[in-house]
Amino acid sequence: MSLAQNPQAMAELGLGTAPGPDGKPQAAPPPPRRRGGGGLLRGLVGNGKSVAGIVILILFLLIAVFAPVISPGDPNLITGMGSQPPSLEHWLGTTAKGQDVLALNIWGSRSSLFVGFSVGILALLVGLLVGLASAYLGRWVDNILSLVTNVFLLLPGLPLLVILAAFLPQGLGTVILVLVITGWAGSARVLRSQAMSIRGKDFVGASQVTGESGLRIMFREMLPNMASIVMSTFLACVIFGIGAQAGLEFLGLGDISTVSWGTNLYWASNDGALLTGAWWVFVPPGVCIALVAFALALVNYGVDETTNPRLRRPRRRTTPDEPTRVAASVKNSSSQAAASQKEQKR
Amino acid sequence: MSTPLLEVENLSVEYVTEARTVRAVDRVTFSIAEREVFGLAGESGCGKSTIANAILRLLRDPAVIAGGSIRFAGTDVLALSAEQLRDFRWRQVAMVFQSAMNSLNPVMTIGDQIADIFTTHEGVSKKTAMARAGELLDLVGIPRDRLRSYPHQLSGGMRQRVVIAMATALRPPLLIMDEPTTALDVVVQQEIMAQIKDLQQELGFAILFITHDISLMVELSDRMAIMYAGRFVETAPAKEIFDAPKHPYTRALMNAFPPMAGPRTRLRGLGEGVRFRDIPDLEAVTPNHWVAPSTDDNLITEAIS
Amino acid sequence: MAYMLRRFGFYLVAFWVSITLNFFLPRFMPGDPVSRMVARLQGQLRPDQIEALKESFGLSDAPLWEQYLRYLGQILTGNLGFSISRFPTPVVDVIGSVIGWTLLLGFVSLIIAVILGNVLGILAAWRRGGVLDSYVPPILIFIGSFPYFWLAMGMLYVFGVVLGWFPVRHAFGVGMTPEFSLAFIADVAYHLILPATSIVLVSIGGWMLGMRNTMIATNAEDYIVMAEAKGLRPNRVRTNYAARNALLPSVTAFGMSLGFLVGGALLTEVVFAYPGIGFTLLSAVQNLDYPLMQGLFLTITTFVLIANFLVDIVYVRLDPRVRVS
């Protein structure tokens, strides 16, 4: 029986706990159980950078979804004379072939966003599975998976991308497949090291002892605590997906028949847009890709700052070796005291 | 009476954030004389480390020294410029941090880290500095070839002795020891305490000894202070605190560890949920023994929520 | 030592994997590449060469494992076959003639980006809340958000075509012959400026942000507080205590980047028609020059492995804790 439960002893000591109405000491209510993800979402909404990023992303998503409505016509149709600069009729001008640039880019958002996010999700899932399995299913599984991950990490991405794309039949599926193959290893490595550090924590051991199944431990215990890293990794994968897809398509190895920002750039280059000075064909796709990638990076920034308070913007300029700040009121009185001391000494 | 070495008067330290301001140290006054060992005890989070770091002005944003004064041998520490402070540090006051493993640079050899002190403060050559470093290691009984070792290659006890030796490098009049043995096991703890005692006898520095383990301090300290939630609740010569603690908190602390010999008694500490609020200033009960008067208003039981 | 042996073993495995991948790749190809090749080189090949070509594409009658062993033997003796688009030049010769340019471009860009990026990152972390810390990283990230080749083309257009300040293609001017003369080297440097700058612009943001974040974490470590307590000069604390620790992850990143040097400049080379490995790889793909493709891929992979291994060696020297584990 603890001291708190012995009111007499407590009184002896001069400490006191008023017992409850039934004569027994009050018990404390259990603390609420906090899930890892909730705090992150709240933090993101409060962070200026991530809000800006989310707004931009939603904007593009809306453009993609409502493309048939907002686009000035079918992008594949030749609706004007070739290489016309922006005008009232064609807000962003026309390509060398005579297609409307604005339409091309509005429709292009569909393919680019679709592939980008698909690659992001798939690469993340594969990486997550590998990472969690590696951390949880034991030494042997870990050794094999680590070996595979490291080998894939070493294989140079772009050349591998180029060769795979060259060998496989053209199409959106190929692009996604090829990008996931080259992209999963990066997320696997990050997620594995995070999972391993969580694996070592006591609550996982406790779950094992109470008989939770492996799968349940992996997904209900470990995963929620990795929320922020998973989020960061997902964003990085999507950025990778969008950028790499653009690169592939630019090289002509994507699906040339689809309309996407990357293929727009491919045709721009092929038709010699720069050489003829037709910058309006060339600039919009690049800007769109940049905006989406930047928006994702902003959200990532927000995730970083929310989960790691040290990274947040400090309120004043500081260096680590600055001596402890002394409040102004203190400084004045102390220098006065020093002055008066000097006076006395004389 | 000669001027005390360290005079802290009404010191207040706050951590100022957008959300709220926390007062970690609340109007604390104490002084340490030359060669005196002053023990500062209290539970985790009571503010003792903050005081220690404040003396050397090591606290970083968002910490602010919100009030009071710190004087060392007559110099106002709070008015020193950055450069004067760099001169003051280690030469006048040195510090032994809690975990030696974390306070040593993992990618520099021990020798280099000790030599740093000499090359910076005394402007000597690297070679001379290394020689002096070797002497320091001799002082704490560590073989000189360890100068070329990296921190992770030493045992916990050795690392702590190195850090203690480093603190004495410039023979500062005051050494602050912030829980120097907390990270060590009991056997090594004894060795380190003995080492500290020896060094203090030999080199004659004063010590501000911070700990949450009172039993460790009682032997070594001349005077002790007990701290709670940023305020002092009692200060007295060590023996008096041990024999006749007056504040309820001190008594609870003292009663919390059993004597080695004697009949078995019930352990008594603070009850669950007991808190002290609005601790008043210290008042002298006897000439050297100051206690914060505690009435029943102070004793508040709060349900843990 | 054991650590190095383990790493070496790993690289051996990775090397084997890439060779094997290379071996199987053409055997998975759709269609019949050999007849296509033979048709192209009508009359230029002797029968035994045709046989050799067929074999290298898995169309001989020998069992798979025999082909594999023969292939391994060829690789290890440096025989990578003949290039089809540049017949009869052996693949190794083609690669040899272009790899130098890629190394030059990649290395120069990498060094500049790494040094500049890391220095900026260290300074940004030291002065939290200052201009470098608050404004520069987002700007650099924004620049880095643009597709790399788009920026490259933009720079090419603005500085090369419109302003005419820099050459727009190739590694050196038409009519100049490669030699170790000052004129030639100056010309090469002149041609290097645009491509290298485009790479630096895009990649510097990553280095800066990475170093800044690591440095912020390092600055919070106890040994930095102790260094300050010792009264050391700020410069010394920042360099020997903070930066030296914060650089460790950068070294690993640098190593991995070194590895991707050979393959990574692909887009740059395409945009600027810079005659390096990447450019050659793309044209090999476009010309269905399978032997050259395979050879290039193998070269790139080998390079990555060697570079990573070297970096592992360097890292062990830098971080004394690794030597123990």
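Going by the order they are written in, the chains are A, B and C; count residues from 1 in each one.
The working rule: a residue touches a chain if its C-beta (ideal position, glycine included) is under 8 Å from a C-beta of that chain, and two chains touch if they have at least 3 such contacts.
Treat the numbers as computed from the prediction; the structure is a model and nothing was measured.
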item: Central chain (by mean CA position); value: A
item: By number of C-beta contact pairs, the top two chains; value: A-C
item: Chain B and chain C: spacing of chain centres that average the CA atoms, whole Å; value: 54
item: Separation of mean Cα positions, chain B and chain A [Å, integer]; value: 44
item: Computed distance of Cα centres, chain C from chain A, in Å; value: 26
item: Per-residue multi-chain contacts in chain A, two or more chains; value: 314-316, 318, 320-321
item: Residues of chain B touching at least two other chains; value: 53, 58, 85
item: Residue numbers of chain C (touch at least two other chains); value: 228
item: Touching residues on chain B, where the partner in the complex is chain A; value: 18, 53-54, 57-69, 76, 78-80, 82, 85, 248, 251-252, 255, 266-274, 296, 299, 301, 303-305
item: Residues on chain B engaged by chain C in the complex (per definition of touch); value: 53, 56, 58, 85-91, 94-95, 97, 99, 102-108, 116-117, 120-121, 150, 152-153, 166
item: Parts of chain C lying in touch with chain B, wherever the complex brings them together; value: 221-223, 225-233, 236, 240-241, 244-245, 248, 318-321, 324
item: In the complex, chain A residues that touch chain C; value: 49, 147, 150-151, 153-160, 162-163, 166-167, 169, 239, 243, 246-247, 250-253, 262, 265, 269, 274-275, 277, 279, 282, 285-287, 289-291, 293-294, 297-298, 301, 304, 310-311, 313-321
item: For the chain C and chain A complex, residues of the former touching the latter; value: 10, 13-14, 17-18, 21, 25, 28-30, 126-130, 134, 138, 141-142, 145-151, 153-154, 156-157, 161, 213, 216-217, 219-220, 224, 228, 234, 237-238, 242, 256, 259-260, 262-264, 266-267, 270, 278, 281-282, 285-286, 293, 296-297, 300-301, 304-305, 308
